[in-house]
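Each of the next two complexes has subunit A plus one more chain, namely subunit B in the first and subunit C in the second.
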Partner chain A sequence: MSVKIGIPRGLWFYDYFPLWKTFYEELGAEIIFSDKTNKQILDQGVKNCVDEACLPVKLFHGHVINLKDKVDYIFVPKMMSVYKDEYICPKFCGLPEMVNHSIKGLPPLIDTEINFSKSRKSLMITAYRFGSYVTKNPIKIRRAFNNALMAYRKYREDVKDGKLPIDGEFSPKKPSVVANNSKSIAVVGHTYHLYDSYGSMSILQKLRDSKVSVIVPEMMNMNKINKLASTLEKKMFWSYGRKLLGAALHFGESREIDGIIYISSFGCGIDSIVEDLFERWSRSHSIPFLLLTIDEHTGEAGINTRLEAFLDMIDWRVNHESDLSPHG
Partner chain B sequence: MENCYLGIDVGSVSTNVVLMNDQNKILGKVYTATQGKPIDAVKRGLKEISGQIKGDIQVKGVATTGSGRHLASMIVGADVVKNEITAHGIAALNFVKGVRTIFEIGGQDSKIILLKDGIISDFAMNTVCAAGTGSFLDRQAARLGIDISEFGQQALTSKNPVRVAGRCAVFAESDMIHKQQLGHNQEDIIKGLCDALVRNFLNNLGKGKDLAGPIVFQGGVAANAGIKKSFEEALNQEIFVPPHHEVMGAIGCCLLAKEHAAKKNNTNFQGFEIMNSGYEVRGMECEDCSNLCEVVEIIRDGILMSRWGDKCGKWSNQVKSDVEKLA
Partner chain C sequence: MKVTFPHMGNQYVATKVLLDELGVENIIPPECSKDTLDIGTKHSPESICLPLKVNIGNYIESVKKGADTVVITGSCGPCRFGYYSILQKEILKSMGYDNLKFILLDPPQGDYKGFFKRVYDLTNTKNPYKIVKALARATRTLYLLDEMEDLSYYKRPRQARQGEVDIHYDHFHRVVREAKGYKEVSTLIRDTIRKMKEVEEDPTRDVIKIGIIGEIYTIIEPFVNLNVEKKLGDMGVEIDKSLKISRWLTEHLYLSPLGLTAEKDVWRAAKPYLKTMIGGHARETIGYAVVYGKKGYDGVIQIYPLTCMPEIVAQSILPTVEKDYSIPYLCLIVDEMTGEAGYSTRLEAFVDLLRRRKEKAYNGELLSGN
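Let's look at the complex of A and B:
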């Protein structure tokens, strides 16, 4: 009987799932993802989470509940820091505790700490700790981890190539026929907003349906983004925020996009700063900017209206620039 | 026979219908309460507007806007379905030359639209909170026991406005109650509320934006002279309220319909007779997956017209209809 490990389809899932899936499968475990976000997961998450958490954290709780009775372990690592001198949102740091105290009757959690804020020297030790839930054989773990890294790199390349991991499944590559004059719009935000189609009300799909070519931060050259982000006056020590600000600087510089849509969830502490800076910079480069705030709403009218108006505005601008104003 | 264009704006609080001719002249306008029954409101609007028409007209195009635009489009057979922001922008541009900034406050929405060289350059809408919109004012007027139409005039008589918290409607209300218990004059409290709403609007939506004049204030709340005055005081410049401010969305629709008719000379308009049709709405919760979508069916005279609300499209695709993509 192989060990069954459940991975909740939320938060860091969209950044790392191929790494962890490959790692545990190489070790002989069976991996089960929670279902794609749906109404039941949302309802359960909202009911079983502290009130003031943001929507993605609530959804994560829902995903954990979804896995509860199906697996031997649930994978909820304690993500403190992934890059040197950088941190992830405090809710990520306390996630295993939060989940454990909010939900009763859980199977054991794989809550190993990931902390590379000082250095990455502990990388293999961390990998060993994660692997030890399945096997105690360090050689096997090392081999599995190397294979997992390969899968992870391939995943990153694929996303960079324009495949969007919506709900953790690759959408067909860029729409095959993209008209020459189609708009390209950067959709920025944390990965768990962008790729969760239920939580984000399918914004990416809606844009693609409107023949917009979508650019996400993950498609960009990370070295360049890191370089630009390091020009900031003060180091942005939230990893997600740093990536977004680097992307903002890049868009302002390159001017290759027609507009920016920022997806944020209500009550996000990091976004309260990052979003505002992003908006100011976009405006100073006169790039059209739209902020979409998501919460528990299921009525899509508000989001649709804003999207439509935003696309109209960009069309109008483009037409105006070529002196073909369609309006009086 | 005069060519006419019909614009319908189905909002959360009011449903507006405007009929306009080729010379952009308003032949008739109706402002009626939606009261949570958009279908009835559209039918009532059509009935009233057809009563206002003198002479022989032909409807060459129809456009709908507002949060109920898809529903309205399905009922009347619209040629254009447009979001409120574009509709309001177009209307303001055509009626106030050189407008740079539009404030629009409706029942549940408030928006700010910036224009540059005659095109929309930026906009913002209230986010998750509807504090400071028309329905909140309605409620407060009802609580104070005065009619909403007198609300603005009362504010103008205030000599010593009190400060009311404006960040959140719930806080504003409790702050107001507290000020009432202290014995402040009603008009001072009302003016304080107007100031608070304006402060909230400018902080929330106007944040970081260059609010250049001429500024146009439209939407139902523009009828409120108190709010207009508070805006003028806060921004230190004149605020222009167009004569048909409450139906500007519908006017924008008329202009869009006219533009559409100029390009394509046929309309989907079902005729004014549809106001006599019986509409029925059926709702159900689809239990085929854990999304439990709330599916709505619209039935006209016993015939299924449309379905929407399902995420997977299983139900809506079964009905061949123009309005598959519904919010």
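Let's look at the complex of A and C:
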């Protein structure tokens, strides 16, 4: 019987799931994703996590509980760093420990450390450690990992083309004929906010339904963003933050968008800095900016109202430019 | 050039010695107060952690007193303290302080040329001997200060007349602002230590011991932790803090560039619970909780600012430590909304619980570990 590995649909899921799915399936394991985020997962997560944690971490706990009795292993890697001299949020670094100490009666976790902050030389060793839960054959692991990388690259290309992996499933490609007067709005935030339709209250779908062309940071040219981000006075040491600050500089320079919606969760330590800088820079280029902060108490009606008001405001700005200064 | 810097407990005394010895004119920010925090809260991002808000308040109050240069330090992740310098600079600029000069003292990360240039900018000299000498004196001051702190933790719960230790302690903080250079300051500290040692003790006191763990800034800055050491001291509790500035400085300035550490034992103690460093002081928080548990302390209190990422991880692990070592644990989270009354009540209740527990254990009535 093949090993059953559960992958929680939270946090890094939307960045990396094709990689790990392909990897373990090539090795002959069975992969089970947790259910899409729903009320029960949210409630369980909130109940089984420290109160001070942010919503995505609570949701992640809920997803782990959802998988608890279905699988042999739960995949919760200890993600420290994926690029040189860069880190991920401290809560990611301590995630396996957090989960382990908050939820009782879990199956064993696959909690191998991913740490490339010094160099990437340990990449294959790390892959081997991950694979060793299923097989001890290094050749098989190497082959599986290479195939997984291919799947991952294809996934990245797809997202860049505008297919959004909402809840881990590709939405239909964006309509090829975009009406002339359609607005283009950048929606920025962590991937686990943007693509989790329950957690983000389907903001992306709502925007698409209102005929807005949506740009997410994953669609942008990473080379350009990296180049812009390297002009920062001090190196941004969070990979996510660097991507976003680079994007902020790009938006300011190119002026190709009509507005920015920033989705953040309450208590996010990284956003408390990145969001603030992002907002300051966007406003200094007079790009309209909307911040939506989400936690487990956020009401959908309030979010809808704010979205509508924001879109109306942008329309007025275009239509009534000459009457009154909507730029303030 | 009039240099100012943010507050953090007694650190200002050592920084003053450092700058005095280098002959740099400096302005100590006024003691942290409600006004400081109000200024900071008004101009900082809403969800940033408390230390940044207090720091901003410190800078503004110093600038009002005439400072024109701000020294900002930082680290390089993964805790958000690493990006404090840039954010603070942006905030001060947007407040209209365009003429303010910033000296960012971040770890060099390979750019030694830039780093030393900034050090020379600050110190006004290129004589490495002079800089090293001043630094050594400042470090010695820090160790003296921490000796004084430790003595006050020991004496407060034992003093025969309530408040006597604090008379000397407060007097020191009033006078030290006027003192200049290492000689005067160190004499003053030694005097205070001597006076505190002479404070009469009440040998009948039943003293319990609590370890304070958590985020370094909140456990060291008395304004932010609402004077937890005085409050507990007056309740007859002797405390020990997991993190001290002197230790922190030795660790980060002298040992870690050489790949050494003085915290190995603590890391080993934390290992069964948290395998790697995750930024901030989460590993030390857990390690020291274990150490206090092993040493037979009566309880531990964790203090951290709201939304502190590493401490949240530690908080979710600490209940397991509490069970494993049967050491009661209280978590206090502070931010600009913290009310003093509620905070004191929780401290009192916790101390009552510890006393009752100790009594029960003494009478042999305690059956279970908790």
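The working rule: the second predicted complex is superposed on the first by the 317 of 328 C-alpha atoms of A that agree within 3 Å, B and C clash if a C-alpha of one lies under 4 Å from a C-alpha of the other, contacts with A are read in each partner's own complex, and residues count from 1 in each chain.
Operating definition for what follows: a residue touches a chain if its C-beta (ideal position, glycine included) is under 8 Å from a C-beta of that chain, and two chains touch if they have at least 3 such contacts.
Note that the coordinates shown come from a computational prediction; the quantities given were computed from them, not determined experimentally.
Undergrad: Taking subunit A as the common reference for superposition, should the pair subunit B and subunit C be classed as clashing or as fitting?
TA: fit
Undergrad: Given the superposition on chain A, what is the angle at the CA centre of subunit A with arms to the CA centres of subunit B and subunit C, as a multiple of 10 degrees?
TA: 80
Undergrad: Examine A:M98 and indicate which partner it touches, taking first as subunit B and second as subunit C; both and neither are also allowed.
TA: Once the two structures are laid over each other on A, A:M98 reaches subunit C alone.
Undergrad: Thinking of the overlay built on chain A, is A:F266 touched by subunit B (first), by subunit C (second), by both, or by neither?
TA: A:F266: touches subunit B and subunit C.
Undergrad: Scan A:D35 for contacts with subunit B and subunit C and give back first, second, both or neither.
TA: In the superposed model, A:D35 contacts subunit B only, not subunit C.
Undergrad: Applying the document's definition of touch, where does A:A248 land relative to subunit B and subunit C: first, second, both, or neither?
TA: neither
Undergrad: One more residue to check, A:M236. First (subunit B), second (subunit C), both or neither?
TA: The answer is second: A:M236 touches subunit C but not subunit B.
Undergrad: Output check: A:W316 vs subunit B and subunit C. Expected answer is one of first, second, both, neither. What do you get?
TA: A:W316 sits against subunit B, while subunit C stays out of touch.
Undergrad: Of the partners subunit B and subunit C, which touch A:R280 in the superposed model: first, second, both, neither?
TA: both
Undergrad: Looking at A:M220 after the superposition, I want to know if it touches subunit B, subunit C, both of them or none. Which is it: first, second, both, neither?
TA: Neither partner.
Undergrad: State the minimum pairwise Cα distance, in Å, between subunit B and subunit C in the overlaid complexes.
TA: 5
Undergrad: Taking the stated contact definition, name every residue in subunit A that is touched by subunit B in one complex and by subunit C in the other, in rising order.
TA: Touching subunit B and subunit C on subunit A: residues 266, 280, 293.
Undergrad: Hey, which residues of subunit A end up touching subunit C in the complex?
TA: 49-50, 52-53, 78, 80, 85-91, 93-94, 97-98, 101-102, 113, 115, 232-238, 241, 266-273, 275-277, 280, 293
Undergrad: Which of the residues in subunit B come into contact with subunit A in the complex?
TA: Residues of subunit B touching subunit A: 67, 82-86, 90, 93-94, 117-125, 127-128, 208, 255, 259, 289-293, 311, 327.
Undergrad: Subunit A touches which residues of subunit C in the complex?
TA: Subunit C reaches subunit A through residues 45-49, 74, 76-80, 82-83, 85-87, 90, 94, 104, 106, 109, 273-280, 282, 306-310, 312-317, 319-320, 333.
Undergrad: For subunit A, which residues count as touching subunit B in their complex?
TA: Contact set of subunit A toward subunit B: 35, 38-41, 198, 266, 279-280, 283, 286, 288-289, 291, 293, 295, 297, 299-302, 304-306, 308-310, 312-313, 316-317, 320, 325-328.
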